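Note that subunit A is present in both complexes that follow, paired respectively with subunit B and with subunit C.
Right, the complex of A and B next:
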């Protein structure tokens, strides 16, 4: 027998209470790791975006107010020797939906000539790029969307637009991409989209956003100022921002997501600490005489402190593991692919989140056990033995 | 280990409650010889349990000296007293105080966890201690599967498993019926006569005290009188 065995047996003393306390650890920790994994995934997208040196130019009033497509030429003309701008690509919102389905697809029409340049991280093969440029019905699909609808390269698919004139167009999939941040999207050729709109009488070709790939961070900063200054006091005033700022304008609807998650994490830790602390205090009070006997037979204060603290830590760590590991296994197995409009590949529990959660569980276990462990040290053996006869 | 003698000189002990000093022992002088079985009797509040705690190093005197064997307890630190207790003293409590989630053998093994000892040696000692108290066949029983007398036997096995010099029993039969009490007292007698343990037992029961070689009567914190148990002395000399 070891002291560890004695600790384990102590947890069996009141199985219902131990079980409920572990559940009290398990559930919040499961939520916590999912939340932290989400934040980490978004941070990964954010880092990937930073590396792409892209700027978004949209109408200063609102994104839905399209800018005339001729602005692309004006933007390109601001850097005639192409020292700062690699390419400019106009995008128009299509807002597609597969017929007879309810969930939408983030689909946009993109300028066919510059899309492969501005979105080079899609890792185009020559064949894919040629297919995109050759076929006006070409479409690039994110891997999550393709997986959801069972699409493959070469498939002909029909998409209904959710914006006027509510076109129903057929596309040919030329590429499926799993590039970070692009897995939930679908990209069409804007010329095909605009021509179809014109056939319905919508002859106002325009873009909701122009994406620029720049040559450097300095070039991004310069162009950001230059573009907005150029279009200032014109009928088409612009708002230029980097890709993360552009993405943030969407997630603002959810509030500050990382901040929200951190807030939830703090509340979770606090509540769990209270639950565990309460349990440990109850356990300590019930075993006052037993701890007094431990001290009487020669257990030092250090050992008694260790026994009480270890019990709390064990409860916390086992409880957290009971919540985290099944959650990680289930998410890993079923792979939650579509996470609203968030541009993450899939929601799997990150190892970093597991490590953070286990460290928190450990800390909470220590914090919850400190007071009873300290009281165990200060326990007056004589008084405790007298109290029970 | 052999037996240890106990010598108390001018021992005072006072507790404080709401800044009010409550004297419990008031200049107690006492000697218990190595290998002696002494019973402590007296009215409630006379200082019996306090005296037991002082001899066991669970408490320190306000004034005076307490020597057990070669150890002068009043000058030892708390940690030194803890270490000393684990080697030299075995406690037996009225309510047994066994750990309910451990088996009889595991309860007996608890004090041995404080020593560097091979697992096989620990098991041997546990088995020996349980055999001495007549529970060699109940090693895997938990306290709730044992009778009160059996629980007290396990507690005695726990007290002797480290082979201490002194056994301190605080009303060991206080919660037992007459027959079981007799068994426990006979067991303590055997530990005293056959294994030479010095035993100090607090009791309210004159019949229990009759099993000791000497009965020390405390009153108002001092030794009021003492009597030698002739029946036991005769039994001892006959054996």
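Right, the complex of A and C next:
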């Protein structure tokens, strides 16, 4: 009589209970794996951002107050021998939308000369970089946006800006990028944008944010204080921060979905632990006599302990797998596209999330089985056998 | 005669551990459910307050929010021809309020200033207080001659430096100092997250001579479609929206998150129903003889069915109440303030998650439904217990 056989018989003895427990286990684990995937994806984005060594310089009062474009030269002049700064790129909010649609696209005008350097992670081919620099109407589009509107490289698209002077401009898509964190964005050339503004009488070229690529973390920290000190007490006071600090204010302003997901994931772990514990307790109580028989016919304590514990673990692992795998498959198949400000392509379950979820299921299984298994060892064989019911 | 409540209560007590574990499952689910429900209810109620049917919001064509709208004085003057506008009973002047809208970033109090929120600044004339009827001053109003501002209640509660007497710096290059002289209440609406000041003072601080938007009070809400059409066509050529529609559009970005959260909570609730069913099945199985006894002394099958459903509902309601208490404790300890971007204003709407009777009612109602769903199959089995067989069992 192998352990596997005993396990299988035990699970089959009360199929209703095993089934209910597994479902009660599977559903929260499905929720868990989705939540943790989202959190992991965002962590990946922020880790990727960190590696790019970028600093954002914005107006100290508010992002909407544009800084004059000449500040780029002043920032560059703070590091004349280019020891700390690789390049500076100014961005202005275009706030574009496809005509006759309600939802906007996160679209920004970028300085054409330094954009490919500061956003090196977009992995430019020579050809793409040349067409970006050659054509004033060039635009780089995130893969999510391109998929949403059915755009391809070479397409001409017209966008209406929702900020004064409400330009309507035509762009040529030169590159579609799926770089981490850039999939929901669109970048156009600021020179083209500013010229069109000037034609409408808006002669105040400026940037909402300057992005700097630095040479090292130390250089970043140095530049951060240097820039803010330099512009202090000037009409254009700045606030300089790293990319993740910049992103954090948006996350917070969107109701902190990642935090919410983390909270839900924690609650779920708590729930499945209770469900598993409950079942193991009930099933142990019903089988006290049987375990006593095992011991009476010479099963070692270790073996009895193993029987009870592995039943709990098996229930937890099978239940978790029953929740996680279908969820991963379904989400992978339908692909819920993430729109809006979160820099994520789609709601999918990542392999890391599956591993984490299975590990948690395993430990919950062990934890839930420990108390009954311990009780099984300490079971007084004689009195348990004598007990009725 | 139905089974007495005391009988069920005792049954739950007899299976102490199992009952407690099941209750805790429900507690966890309901606590989460209540928080999420509270979050979206608070946002919803803040927006529904904003929906004054008499008000129209006029912004520039081609834009979607006040933040990005610019209206020139000439365009504003053309609005004088708009028909159906309410008038001031004394002076007979039309209730049209030109407004300037901009923003400043202020530290959030809840994270000690680690992140900053975009807080809206609104320049208004005194007419605004007649157009926006739900504004109630708590203290002084800004005077037209002094650099003073008044601050919405929600903004004052959530962002730093907005107490009465504080000074905030605004304008191009933060050049002007304005003193906070009072707070105001907007019935919980999004305007409570704003800072208001005298329009000409704000125009001069930002070197602007135009406006961002115009709010209009209509005599009759029914004339809104006609007025919207008139604003759209020549010679006015601007864009008008009912106030409620405008604010609803500002939350379009959270709809998706809302949907995701509700799906997750629904799945968790279903899991709670399964956990309850599991417990109840075990309870039914362990009490076969007892049920048979009850049948022999005259209880009918439907009494038994009802009894088990009640037992499960009792179990889940205790869990539900504990869940609400847990949620209240969380809000008390961790904080209940939240704020959220408008999808195109980029200014924040601050609100407070509160455990209102409505919210508690919703949570308990849903948990009762979970209890019933979880109990029905085992209760059905209990009701069909075969009396003789069950009594014969050891």
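FYI, the second predicted complex is superposed on the first by the 351 of 389 C-alpha atoms of A that agree within 3 Å, B and C clash if a C-alpha of one lies under 4 Å from a C-alpha of the other, contacts with A are read in each partner's own complex, and residues count from 1 in each chain.
The criterion applied here is as follows: contacts are C-beta pairs under 8 Å (C-beta built on N, C-alpha and C of every residue); 3 or more make two chains touch, one makes a residue touch a chain.
The structure displayed is predicted, hence computed values, not measured ones.
In the superposition on chain A, contact is made by A:248 with subunit C only, not with subunit B.
When the shared chain is aligned, subunit C comes close enough to touch A:264, but subunit B does not.
Of the two partner chains placed around the shared chain by superposition, neither subunit B nor subunit C is touched by A:137. More subunit A residues lie in contact with C than with the other chain of the pair subunit B and subunit C.
After overlaying the two complexes on the shared chain, residue contacts for A:385 are found with subunit B alone; subunit C is out of touch.
Of the two partner chains placed around the shared chain by superposition, neither subunit B nor subunit C is touched by A:120.
In the superposed model, A:230 makes contact with neither subunit B nor subunit C.
Shared-chain residue A:24: touches subunit C; no touch with subunit B. Of the two partner chains, neither subunit B nor subunit C is touched by A:221.
In the superposed pair of complexes, A:160 makes contact with subunit C only, with no contact to subunit B. In the superposition on chain A, the residues of subunit A touched by subunit B in one structure and by subunit C in the other are 388-389. Across the complex, subunit B is touched by residues 1-3, 5-6, 9-10, 12-13, 289-290, 293-301, 303, 381-382, 385-386, 388-389 of subunit A. Interface residues of subunit C, counted against subunit A in their complex, comprise 17-18, 21-22, 24-25, 28-29, 31-32, 35-36, 39, 60-65, 67-70, 102-105, 108, 111, 114-118, 169-170, 172-175, 249, 252-254, 256-257, 260-261, 264, 267-268, 270-272, 274-275, 277-279, 281-282, 338-341, 343-344, 346, 348, 394.
Taken together, the subunit A residues at the contact with subunit C in this complex read 16-17, 20-21, 23-25, 27-28, 30-31, 34-35, 60-65, 95, 102-104, 160, 162-164, 166, 234-237, 248-250, 252-255, 257, 260, 263-264, 267-268, 270-271, 274-275, 277-279, 281-282, 338-341, 347, 388-389. Residue ranges of subunit B in contact with subunit A, taken from their complex: 49, 53, 56, 58-59, 78-79, 82-83, 85-87, 90-91, 93-95, 97, 99-102, 106, 109-111, 113-114, 122, 158, 162, 170-171, 174.
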